[in-house]
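Several structures are given next for inspection.
Note that chain A is present in both complexes that follow, paired respectively with chain B and with chain C.
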Partner chain A sequence: MPNVTEARPAPLHRAGAGRFTRQERLAYTMLVPILGSIFLIVTYPFVLAVIQSLQATNGGAFVGLQNYVTGLENPLLYEALAATAVYAALVLPTEILLGLGLALAVHRGIKSTALRALFFGMAIVPLVIPPIAVGVIARLMYAPSYGAINHILMLTGITHDEINWLGQPITAMPAVASVDVWQWTPFVYLVLFSGFLTVPRDEIEAAQVDGASGWSQFWRIELYYLRPLLILIVFFRLADVLRVFDHVFILTGGGPGNTTQLLSLYLYRVEFKFSDYGQAAALAVVVLIAISVVYSLVTRVLPLERR
Partner chain B sequence: MRRRGRRWRAVLITPVLAVIVVLYAFPIYWLIATSLKSRSQLFQATLSLFPEAPTLQPYADVLIDRGMWILLRNSIVVCGATVVLALTVGLLITYPITRLDVSPRVRAGVLNWALSLRFLPPIAVVVPYFAVVRTVGLYDQPLALIFIYSLFNLPFTIWMLKGFLTEIPREIEEAALADGASRWTAFRHILLPLATPGLLAAGVIVFSFSWSEFLFALILTSTPNAQTFPVGVQGLVTQFEIIWNDMAAAGTIAMLLPLVLMVLARRHVVAGLTFGVVREK
Partner chain C sequence: MRRIKWAALVIAALLIGACQQAPGSGQKPAKLTIAAVQGNEDAALKAVAPLYEQKTGIKIEIVEFPYDQLYEKLVTTFKANSATYDLVMMDDPWMPKFGTDESLQPLDSSYGFKRDSDIPDVVYDVGTWPPPRGAVPPAAKGKAAHLIGITIVGNVEMFMYRSDKGAAPKTWDEVKANADKNKAANFYGYLVRGKATNPVVADFLPILWSFGGDVFDQNWNVTIDNAASLKAVKFLVQDLKAAAQPGPESTDAADRDRLMAIGQGYQSTVWPGEITSVIQNASVSQVVGKVAYIPMPAGPSGKGVGMMGNWLLGVPKASPNGQAAADFITWLTSTETQKTYVDNGGIPARKSLLNDSALNQKNPYFSALAKSLDAVPNWRPRTDQWNAVETILGTNLNAALAGTATPEAAVQKAADAIRTLMKGAGY
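And now, the complex of A and B:
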């Protein structure tokens, strides 16, 4: 739970009600109880996790840091971290480059407002389909015996045998990653396309008068204006990669072997398949702390208006 | 020189964009086409890209025979209640920080904290939440999902409502207050009607996000008493022998509702996903 403490207006309140204007008093009467209860709702389970992580799964005797040691010594954890890193390395650059390329192509190549509106509407569609339904779609595309991809490959004579996309270690990870790319590239496109529209026209025109090519327009002017949005995209997509669960769960369940067992699927397995609550709690605490650290570093460069 | 470059560009870009349209349209078409196939067509030797004699039977199978209409009802109840709770709490937080004079530090603190919650991966809190929900007796109860969905939708509800509320000039309310209206009257009769479009947009997005949620629903429910529709869809996918048309019908139902809702709120989807950083005009 990163930064939770910042939200507590309580210390301000303590300064003495007399110093507040009527408006401030009303504001804090509304804010303090509601933020206080949310603070408790968020913090209490975290405290509970810390307690759970110091207890044995069976019997609940205090075992010190034993669960942390077991959790961090388990090679499966590092396999999961590696799988998550591979997933992120496949998904993030692909989505950003494709999204950027598309935004650039539509921005430069398509001037008709109707067509642009059409692309806008189409790009929204994958973003709002539940990941579970996207998983169903992917299953219908990749599955052996019914998958459309094998069918098309065999119709066109590219392959003669069915490829077990989700069942082989080499193809499973790219297949799972392709689902993410399918669903989230439109997000990158939408954000960056709206970014292109904010580039001041006179700067572009001045560059064109100077005879700048389309490329140097992009590298020297447009990219400068897109930079904050690119940082934002990386931030949000990174947060999402850490929570990827649904489509992988119903496509491969983490397999074959552990090739697609991302961090979230691994934590799920420790808690609900191995029922090792102590170890699961210890891992949850470690993940939360790691994320808080990353979060506090990343937000410094995030282009959000705070006031 | 430049004009020829532009024509070449169009020649290159059009086929690329056409391919991309196919890459998006075909999988969705395949889902819907499969959901309209009859069971006998599934067992034909050759796979057909078109449903012969399209039928709605798979939908009836899924909703009635498999009883998934109950899960559908659960989903609607949970998501509807989540919208009400998240918007109410969201308003209670955003009203003071946008309409009343609070110190900028408090305001920034609340917004930052809301943002930090967005970075919280559900899987990391699932472990303690599971324990809490079981101790307080909310396991397999819709109420548990309503509370958790509201909490996880709160961050961007706050950011979206903050965006909408700051766009409404404070002078309008202050004029009413000067005329002797109470703060509640000013809120109820002046601010609320003006904020309704924004509240509706935020509500639609909260509904869709909750509709999509799967992990908490999977872990905190076990029977049709509280299971939501995505959990039912998952059951059709991971069973031993997949019945393709039933699975596709369930997937189509899960997809359809957010799609219809998003037609209403399409201008706000990107704003919602980026915490209002990117706004469509």
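And now, the complex of A and C:
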């Protein structure tokens, strides 16, 4: 039996102990632009925010954690967090269920490539419309007196009186959330539809041979393969929910009262309306740390890898 | 050798950079960059700017931003002391912030600007910091007053009503009576602009002042919770709301204009920009010729008080082209240029143009605007904290309008928050 040895790459030239090889130098050189960009775009602003959070707004004197204390003591912060939680609770499950249902329906029910392409194209449209334009359109639709939604509801006899969608606390948040659902459900659909296409055909066929129902196939096989994508969607959408600004600003401006003043709108007001740059930076740092903790917990609890 | 060449190149580049114009130098630049608000307010500016290039060879580049983004852009640009813009358009409530931060070059002492008798004093006053009358912020007390902005949009908040259906109201009581009398199905007696924060405050302040109330007294004591102010709040959120359109708490200016233009509103407050872009625009309005414009009706205080909403041009401290920028302002606000400016939909502040009978035919609000300026409208309190005050007041007024808080509770909550804010800011 011949002596089999592992093939090893030819040793690279080292000019001396502790120095990089030419290949290593090339690799690091090629990494410099991207690492530099990341540093400029992510690390540098974050460091600046941390520094600003420790300084007085007027004069820039070092104030320790005072901005953090002031920010966390303000009850409006907790109202904004509660509003954001309600918003997330409305949009995330709705978008995931609708997107999943739509993806499943198209995957199972439509075999024509042309029709699938049409659905793909239609799903792209809401994603490329600027959120501010979506807000303006939604504002026209929800407007009392001339808004299309009230008009349709009254025309079909569903309601007899106009609903003041954006002016009542009970309806303002669902109205604002509905815009998000309209714009981002297609994203969920697109991601999950592509996920359905990656499910191994042989496993489905084996299940069918064994007499598994459509529901069983979905629940026991397809959903298993979709799980990493669902977590990815939750990640992306949660991050987006924390950034939501434009359409809320256009639709209600945070009203009635503070009902729809989400976290991003609150931070914007602390920075640009109250000109409290120190407190705004402190809150941004707190939010960033909180999100990082939540994300790391989510990744630990919900495994991303298929096992 | 190669290193020496590179070093020589770097030194040469640095020397060339150092020889560039210093801030405020008098050299003629190739172009001036203006940060402007996108919309009706800068339309006439865009229309006349090419004439300046023809006259002087200096290109005028106008960079537009929506209202809120412009403020953010200016705050961050001034904070960074960046020379991105040679001229900036500013809403007059922003002046205290930029004045306090010393973000702008003084136009009087640096470039010799003087008051023109054809332009009302109040127009110059609103661009002067510290303010020449009224309450002065503690940090600005004792400082020399300088002109730091020149009005290019002579906005004053006025009043509009359907003149084909009734007579001009002289008082807010008559406004209420007319609203009740004219209210019908799909026709609203008064259009309340009540969206949270800035919109509702803009609609409310003229009523507040006409009722003898105010946000602060002359010593920055909060007075929004006194009897006169509370009466004004109740008038808005109870009396006027009773005759108003559905959903006043989510109504902004665009919604009000639309309702008025499609013939569903009887009366409301109005800014000149809304008149030119919608109400008097025959391509979108069904009520051209049916709406009249008047100064603010009088309240229990015996006087009607309009509100300044001028847009001004100023020169940032960091601009290297201060003299050229000042020359542009002089050209733009001259009588000759203002005639072309008005022909392109501009809103002037010159009395000679506002009272011109031919121009009044084309712009039926000019006369009311002239009278409003003569009556000396109020400006929003001249404090660098105004944006915060407006946010607090506007949020609570909106809650009262939506019925989620009583007028008393809303006013008290706003007053408490404003007192805390002002105390923290050293007032």
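Keep in mind that, in the parts below, the second predicted complex is superposed on the first by the 244 of 307 C-alpha atoms of A that agree within 3 Å, B and C clash if a C-alpha of one lies under 4 Å from a C-alpha of the other, contacts with A are read in each partner's own complex, and residues count from 1 in each chain.
The working rule: a residue touches a chain if its C-beta (ideal position, glycine included) is under 8 Å from a C-beta of that chain, and two chains touch if they have at least 3 such contacts.
Small disclaimer: the values here were computed from a predicted structure and weren't measured.
Engineer: So, A:Asn164: does it touch chain B (first), chain C (second), both, or neither?
Structural biologist: Second partner only, chain C.
Engineer: Answer with first, second, both or neither: which of chain B and chain C does A:Lys273 touch in the superposed model?
Structural biologist: A:Lys273 sits against chain C, while chain B stays out of touch.
Engineer: State whether A:Tyr146 touches chain B only (first), chain C only (second), both chains, or neither.
Structural biologist: A:Tyr146: touches chain B and chain C.
Engineer: With the two structures laid over each other on chain A, which partner does A:Leu72 touch: chain B (first), chain C (second), both, or neither?
Structural biologist: neither
Engineer: Specify the partner with more touching residues on chain A, choosing between chain B and chain C.
Structural biologist: Answer, by number of touched residues of chain A: B.
Engineer: For A:Leu90 in the superposed arrangement: first (chain B), second (chain C), both or neither?
Structural biologist: A:Leu90 contacts neither chain B nor chain C.
Engineer: Please work out whether A:Gly253 is in contact with chain B alone, chain C alone, both, or neither, and reply first, second, both or neither.
Structural biologist: Touch partners of A:Gly253: chain B and chain C.
Engineer: Indicate the residue numbers of chain A shared between its chain B interface and its chain C interface, in ascending order.
Structural biologist: Common interface on chain A, chain B vs chain C: 139, 143, 146, 249, 253, 272.
Engineer: Could you list, by residue number, the parts of chain A that touch chain B in their complex?
Structural biologist: 1-4, 6-9, 12, 21, 23-24, 26-28, 30-31, 34-35, 38, 41-42, 44-46, 48-49, 52, 102, 105-106, 108-110, 119-122, 124-133, 135-141, 143, 146, 148, 151, 182, 187, 190-191, 194-195, 214, 229, 232, 236, 239, 242-243, 245-246, 249-250, 253, 263-264, 267-268, 271-272, 277, 280-281, 284, 287-288, 291, 295, 299, 303-307
Engineer: For chain C, which residues are in contact with chain A within the complex?
Structural biologist: Per the stated touch rule, the residues are 68, 71-72, 75, 97, 186, 188, 195-197, 199, 245-250, 252, 255, 258-259, 262, 264, 384-385, 387-388, 390-391, 395-396, 398-399, 401-402, 404-405, 421.
Engineer: Touching chain A in the complex: which residues of chain B?
Structural biologist: Residues 5, 9-10, 12-14, 16-17, 20-21, 23-24, 26-28, 30-31, 34, 42, 47, 49, 89, 92-93, 95-97, 100-104, 106-113, 115-132, 147, 151, 154, 183, 208, 211-212, 214-215, 219, 230, 233-234, 237-238, 242, 244, 247-248, 250-252, 254-255, 258-259, 261-262, 266, 269-270, 273-275, 277-280.
Engineer: Name, in rising order, each residue of chain A that touches chain C in their complex.
Structural biologist: Result: residues 139, 142-146, 162, 164-169, 172, 249, 251-259, 261, 269, 272-275 of chain A touch chain C.
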